[in-house]
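So, here's a batch of structures to check.
Both of the next two complexes hold chain A, though its partner changes from chain B to chain C.
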Partner chain A sequence: MAYSDKVVEHYNNPRNVGSLPKEDPNVGTGLVGAPECGDVMKLQMKINPDTRVIEEAKFKTFGCGSAIASSSLATEWVKGKTVDEALAIKNTDIVRELALPPVKIHCSVLAEDAIKAAIGDWKKKHNIEVPASEKPSH
Partner chain B sequence: MTAPAKTSALPADYFCVFGLPRKLWIEMNALEQKFLQLSWKLHPDNFVNASEEERELSLKRSSELNDAYRTLKDPVARVEYLLAIEGERKEGEKKQQAPPELLEEVFELNESMDELREAKAAGLELDGMKERLHAAETNFGQKLAEVDADMRQTAKDWDNAVDAGAEEASRKQIMARLNDHLNRRSYIRNLVLNVAKELEEA
Partner chain C sequence: MSVKLPIYFDNHATTPVDPRVLDAMLPYFGPKFGNAASRNHSFGWAGEEAVENARAQVASLIGATPKEIIFTSGATESDNLMIKGVAEMYREKGNHIITQAIEHKAVLDTCKRLEKYGYEVTYLPVQKDGRVDPEEVRKAIKPTTILITVMYANNEIGVINPIQEIGKIAKEHGIIFAVDGVQAVGKIPVDVQKDNIDLLAISAHKIYGPKGVGALYVRRRNPRVQLSAVIDGGGHERGMRSGTLNVPGIVGLGKACEVAQQEMAEESKKMLGLRERLRKGLEARLDEVFINGSMEHRLPNNLNMSFAYVEGESLLMGINDIAVSSGSACTSATLEPSYVLKALGVGEDLAHTSIRFGLGRFNTEEEVDYVVDKMVQVVSKLRELSPLYEMAKEGIDISKVKWQTA
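Take a look at the complex of A and B:
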């Protein structure tokens, strides 16, 4: 099966690959995985505690092209958004943008989970309660 | 000419195909013998005079028999299959969760693989590189052997629980452990394959 042009584009030119200091109180880290296919995805965000705007986002993913493209897109999308706006991103938005086939939908779920996990980690550092709806639920 | 053979309805699951209980220890010789015997019974030659319906059913059973044999022959596929029919590992329905410690470990192992890959791409001292790759290969290979040993042990626990007619709760607990082993195994298997690929190209 062929990947869509957008997946190939993100795969060849992944945005925001790298990492942020994990111990920084303004950095939230989300590490998620899909054991079935052996994918691991790390997504990190630097969040301004006053404005709650995501100022920086980095990722590193070990997995297939779709998983890399999904996390690359996720970092692009969350940058400049507020925490609440970023939490509103749904895996279906990623599926649509990247034209993922049904067998690769779990990659987009992983990216959504990674966003939630990263923000959850940041909230935990700031003693903000994380409602159940914002926990990686899949 | 043989008389048209009769084919009954498809058995409920792969264990039933071979008349086996839902246990994880299987005697390989007996399985193979049974497979050959059943295959022979379903051979198209036996269905020359059968109705089209019978022929189709025998073909279907034959392909099911092959799937059943392939699945039960492989100890890992066997565990996956058992959990699937017990409703403990539904593909697509619920994503498998991995414990955070495992993710951390796998991420770090992948990162060290990545470093080796990058150093190789940059043409850094290839001799030391090969050694490091071999060390990684040994390390991942050991981890795979460990998880396989854990799996065998838990498989024994499962068989004992079946024999003892253990209650649902303890069966579920054993299946959860089997599921964890499978998840861990699939990560480590990937690492083993990746390092083998790098060594091939080194």
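Take a look at the complex of A and C:
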């Protein structure tokens, strides 16, 4: 299978790899996917509780090149955005940016889910209600 | 010493044509173009002579007589012919076929088709080491059993079955024993007499011959096996396989068998040396790697290893100057991880992390060393990236985590 240049670039130079302390009240952690499905993404964000701006984002991913690229891109995109702006990122935006083929669309869905899960975790820590539309689809 | 890239370690998929094989074939693309079935001129005679010479070369490699070899378009056709041919020919005797879970698709899908036509097929499970238990074969036999078909060696994990024992059981019960010999013939000693084999499928391109040609051994004595043809026509190959013979291809298959027979002892030693160098190199420098299938009963040129916490396709992407294959779902058209590893009881999480290395005649120690270095480098990098590796290092049991599956 041929990969788009952007997928290869993210795979070779993944952005924001790493972990944030998950006990930190300002850190939201999203862990989505399953090993038996061949994809697991962990996305973490450090969110300023006053401005609701995502100040830091880190990821680790077990999965194919497209899954790694999708999560790498997600960390790049959410950094500096507000929580609401980040929640507006759709998987189709990721598909377009990385030129993912149809068989890899699930990678982008997983990345969108990871964003929602991480923000949901942060909201829970701050007793903010998570509407159904912001819950991961899987 | 630097190695030439890319490196080819996928010799279970196909092998490069040996230059000696190519040289033997070339005249038959040129002046010796005759149809081997043309009985009335020298062009035809030259073709016929070449085909008969090849028949003897193939027969010699497997302990058969030349008359027991028929030429086909490849092992998929041979597998189809040996199974469908027996099924149709012996339909009045019974309708039950015994096979096993990790056969090649050319066997499994042929059996599945026969089920649609009223045949009953038993798919035996394999043991944890990937081998068929001969006693399971014995237990599966019914009065209606007409065929037992088990592969000699598996194409993914290289595990060698107890063919001789299964053949003996088949013989005791008067049941025809058909073997897909694609990965074994030319690599390890295969003898249709000693191994009690009645039908044996062979491919040229797995043994440094050309693609598009294969053979089927059909026992003529004790017992005489009869087959219904799958392809009808001019009655070539004693009526079992019509169609003008692929003379250059057949010459190539013959030469490939001759070279394999001459060099097998030395070559298998070399393969084993390279394979062990690869295995030890990887095991010494990486933790949490697991070998899939029996190490004891394995082709000397095969290594199938799971690299825990690293998904197979991302691994292949990182080693793009090395040609290998993966049991990961992401590399297959079906998005399912390898059915072979599943049948061995390898968890789907580990099946996704498996790599098949297939060594061949033209590989070198330098290439093995390069592959080890590159694998260690990429696996380490991807583990740094893997949330599963991080969790495992924190002492979390991945199998106990409640994952959100779709």
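Operating definition for what follows: the second predicted complex is superposed on the first by the 133 of 138 C-alpha atoms of A that agree within 3 Å, B and C clash if a C-alpha of one lies under 4 Å from a C-alpha of the other, contacts with A are read in each partner's own complex, and residues count from 1 in each chain.
Here, a contact is a pair of C-beta atoms (placed from the backbone, for glycine too) under 8 Å apart; a residue touches a chain by one contact, two chains touch by 3 or more.
These numbers come from a predicted model, not from an experiment.
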Quick check on the superposed pair: does A:G38 touch chain B, chain C, both, or neither? Answer first, second, both or neither. both
Check whether A:K116 is in contact with chain B, with chain C, with both or with neither, and answer first, second, both or neither. neither
So, does A:P14 touch the first partner chain B, the second partner chain C, both, or neither? second
May I ask you to decide whether A:K46 touches chain B, chain C, both, or neither, giving the answer as first, second, both or neither? neither
Applying the document's definition of touch, where does A:K81 land relative to chain B and chain C: first, second, both, or neither? neither
Report for A:C64: first if it touches chain B alone, second if chain C alone, otherwise both or neither. second
Report for A:Y3: first if it touches chain B alone, second if chain C alone, otherwise both or neither. second
Does any part of chain A touch chain B in one structure and chain C in the other, and if so which residues? 31-38, 40, 42, 60, 62, 138
For chain C, which residues count as touching chain A in their complex? 309-314, 317-318, 328-331, 335, 337, 347-349, 352, 384-390, 398, 403-406
How about chain A: which of its residues touch chain C in the complex? 1, 3, 8, 11, 14, 17, 19, 31-42, 60-65, 67-68, 103, 136, 138
Okay, in this complex, where on chain A does chain B touch? 31-38, 40, 42, 60, 62, 106, 109, 138
Contact footprint of chain A on chain B as seen in their complex: 91-92, 94-98, 100, 102-104, 106-107, 110-111, 114, 182-184, 186-187, 189-190
